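Note that chain A is present in both complexes that follow, paired respectively with chain B and with chain C.
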Partner chain A sequence: MDITGESRELAHVVMISGSLDAVTADQATSFLSTQIREGHTHLVVDLARLEYVSSAGLRVFLTALKEARQQGGDLRLAAPHRNVQKVLEMSGFTSILKLYADLDAALASYTP
Partner chain B sequence: MSKARVPGEPGPAGGRRGGTRRAAGGPTVTVTREMTQDSHVENMARLRDFVEDACRQAGVDEDTVFAFKLAVDEACTNIVMHGYAGRAPGPITVTCACAPQQVVVTITDFGRSFDPAALRPADRSSDWMDRPIGGLGLFLIQELMDEVRYQAGAPGGNRLTLVKQRAPGAAPGTPRA
Partner chain C sequence: MTAPAAPHQLLILADRARGRGALAAQLDALGYTIDLLEDADQARAALADPTFDLLLLDIQPPQLECAAILAQRKADPRLRYVPVILLAERQELAAVEGYLPLGADDYLTEPFTPALLQARLAAYLERRRLITQMQEYLPQLREMEKLTRDLTDIILPLGAALAGETNFDRLLERILVEAKAVCNADAGTLYLRTRDDALAFAIMRTDSLRIAMGGTTGQAIPFPPLPLHDPATGEPNYHNVATAVALTGRSINIPDIYHAQGFDFSGTKVFDQRNGYRSVSSLTVPLTNHLSEVIGVLQLLNAQEPGTRQVVPFTPYLQQVVESLAAQAAVVLNNQILLQSEKKLLSIERDIQIGQRIQASFLPDELPQAPGWEIAAVFHPAREVSGDFYDVFTLARNRRIGLVIADVCDKGVGAAIFMALFRSLIRAFAQRYALGATEILAQEPPESPADKRRRAAVGDATALKSAVLFTNNYVARNHSQANMFATLFFGVLDPASGLLTYVNGGHEPPVLLGAGGVKAHLTPTGPAVGMLPDMEYTTRQVEFAPGDVLVAFTDGVTEARGPDGGLFGDERLYTLLEEPTLSAAALLARVEADVRLHTQGAIPSDDITMLAVRRGADAVLSPKS
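Then we have the complex of A and B:
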């Protein structure tokens, strides 16, 4: 897994590439947590290069979602692969977080 | 007309390795492959990739391939995090039997067993503040599989059996050039 953060005009984009699983979850959680503590509370997680997510990865999203919202921000997901979207839907995550087909749509959703 | 026999339970020797049987004049009926890894979380990717690869090579449809990949990852991760927690690492054996109609995967370990009846159902409906973090792994396994059986402390280890029918139309044994 590879994780990077980049500030855009409307939100902070975190791109996660590779596999988000029991091995990589802690690193992703701590990366996202650091970004939020540094003030990047309006997040888009770009999933375009995320090939695989397990329940350990879902924990990452939920932990960061709670942290961001408690700081008055949000965490929104963009461009999930089919299998990643399937896991999000099966787990009931689509009812608590916002999911967008591509990065531009996710960024635009933060337009004041 | 040969009927596929699925070795849902590995034989006394713990399952055949790489066995391929052909019915007389018919297509391949069952391909069984097996992998054992120590219970380190770093090995989970090897086990799930192994199952993905075994299913793909047997011509299993992609939705079923993914279902087994994720279910095996969730099950083996639980074994590492709970079964072998606080103990010396031990083996986890994954046996994958691909038959024309269904795939059967068994996962064997020698860690602490669990009581499936004591598990609480996953919470998929409370709002974000009250949504518990974690507890989804076993729920996903149930959701992804047609049948899940668990035998705690069986001779030869705890045994989890995962069964899923292959999608119709994704014929097995498709000849490859």
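Then we have the complex of A and C:
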């Protein structure tokens, strides 16, 4: 797994690539948590290069979502692969956070 | 159908001369057991020792006042729910009106026809039966509610909190303080087993004397360790209650130690004398690790009434609660003891072992089975616990079977502890609501079989939904910091009707298979459980036809990786499932073998967990619901 952050005009974009599972979850959680503590509370996680997410990986999203919302922000997801989208839907994550087909739509959703 | 019950006993207080002898004969012919009394003393005696189910009272009983009998009935709680029907002539209705407010339930006037008698009596006898039954459930319901409350408010959070306590002294203190609080006990001691076969005093508290020693107080306890065996003879030391508990692994509950036989309480008595104290009730429970070794002993003294602070014995209920608490504390304590004594062991390895032990201890040893059904499970933990669990348990007095398969979103010790929490919550809440909803709803006649089935199904749905909602809110609210959740499928099966009511909280859809292949995918009806409070869950139902099999699994099956990293996959699984099968166990064995073939040469990365339920092909099922 690889994880990077980049600030855009409307939100902070975090790109996760590879596999988000029990092995990589801790690293992703602490990365996202650091970004939020540094003031990047409006987040889009770009999933275009995420190939696989396990239940432990989903927990990364829940933790960051709650942290961001506590700081008055939000965490939204963009561009999931079909299999990742299936996992998000099945586990009910689509009912607790917003999911967009591509990065631009996710960024645009933060338009004030 | 229900078995023919013993004939109902009717007591008639009346005058044969008023034609009641004929009535008694009619009732006798209808199959009731009759006792007709004319004598006042006999009547009073019969009321004082009530063995009858219904009282027929003539408004003009010989030699005694109708009002006096009604008053005696009203004053006796045993007679409160025994129906009383007045017997009168048509022209006596004015008198009847006067007696009805005194507690009579109904009246019958001449002429008494058998059809009228039977209809009226049957209705009242049925009502009495239901009331009696409700009364029997009440203590159970109360006990269950209390246990659920204690379990959820005290024991489970404590277990989770203890697990996070890394300071050994503080951990000891919390175990003792919480156990004392549960029983409102004035004093307590926690002993730890030493390497040289003795119990050492680790921590002591006596609130009323303001004594606190050991643990974080920094004040050493001046008492020497208690040897478990006589150093000279090697004889086991059963004289001391703490060492006896350590040796036998069994709790000892003593109402008053000054009257206890067989134990030497001289040490306690010396303590009492020096401090002007009186030790009375004592509850001593072992802290037992997963190998059934006693690693410590918890002794509580002087349970008190919450309001009056009067010292009382420890009730069996309290003993049960303290034992549950001790079981949780022992897991954590053992963890810490391992940590202290085996620092060489790599921390990851230790976590793996502890996680596995907790996980193993929570899976059912045996699966309950119902006639005409087969339930089978497969569970292969990965090297590191990854949070799968399943559970099968009976509900509503064996008339329903609860089926759970779940995946907690973590690995290691954290997953194992939350697994235990989810399992306990689902069980406790389901039991509570099943008793409340299914039982009593299903009992309420008269109604058609279809009606009854519908109502029972509503009861199941209520129990299910409540259990999942409460579990979700409990975890989301009380363990919000942990961000822990589980994908969880929970079904309630009525073996008599083949109806399965379920909630699927974000879990891989279980598959219902019939003769022609997949009949249904039981897709999610709500999100994974424990993420955020107040999520919505709906219930759905499917019906098993004879020969149908339900297979539930976790993503460890479909996502099992081969040596080249390739996933086992949904399609390969469905192909295997669609092949005809005669047994649930055989079907699971077939899938398991193929998953193993696929993962051969790779390191198992996830637990493999499957649960299958099959309805027998020959419908040897009773029509009763």
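In this text, the second predicted complex is superposed on the first by the 112 of 112 C-alpha atoms of A that agree within 3 Å, B and C clash if a C-alpha of one lies under 4 Å from a C-alpha of the other, contacts with A are read in each partner's own complex, and residues count from 1 in each chain.
FYI, contacts are C-beta pairs under 8 Å (C-beta built on N, C-alpha and C of every residue); 3 or more make two chains touch, one makes a residue touch a chain.
What you are looking at is a predicted structure, and each value in this text was computed from that prediction instead of being measured.
Judged by the number of chain A residues each one touches, B leads among chain B and chain C. In the superposition on chain A, A:Tyr110 contacts neither chain B nor chain C. Within chain A, the residues touched by chain B in the first complex and by chain C in the second are 22, 54-56, 58-59, 62-63, 66, 90-92, 95-96. Chain contact summary for the complex, chain B toward chain A: residues 41-42, 44-45, 66, 69-70, 73-74, 77, 80-81, 122-125, 127-129, 131, 133-134, 136-137, 139-140, 143-144.
By the touch criterion given at the top, residues 22, 54-56, 58-59, 62-63, 66, 90-93, 95-96 of chain A touch chain C in their complex. On the chain A side of its complex with chain B, the touching residues are 19, 21-23, 52, 54-56, 58-59, 62-63, 65-66, 69, 83, 86-87, 90-92, 95-97.
Listing the residues of chain C that touch chain A in their complex gives 384, 386-387, 407-411, 480, 483-485, 487, 505-509, 523-524, 526-528, 531-532, 535, 555, 559, 606.
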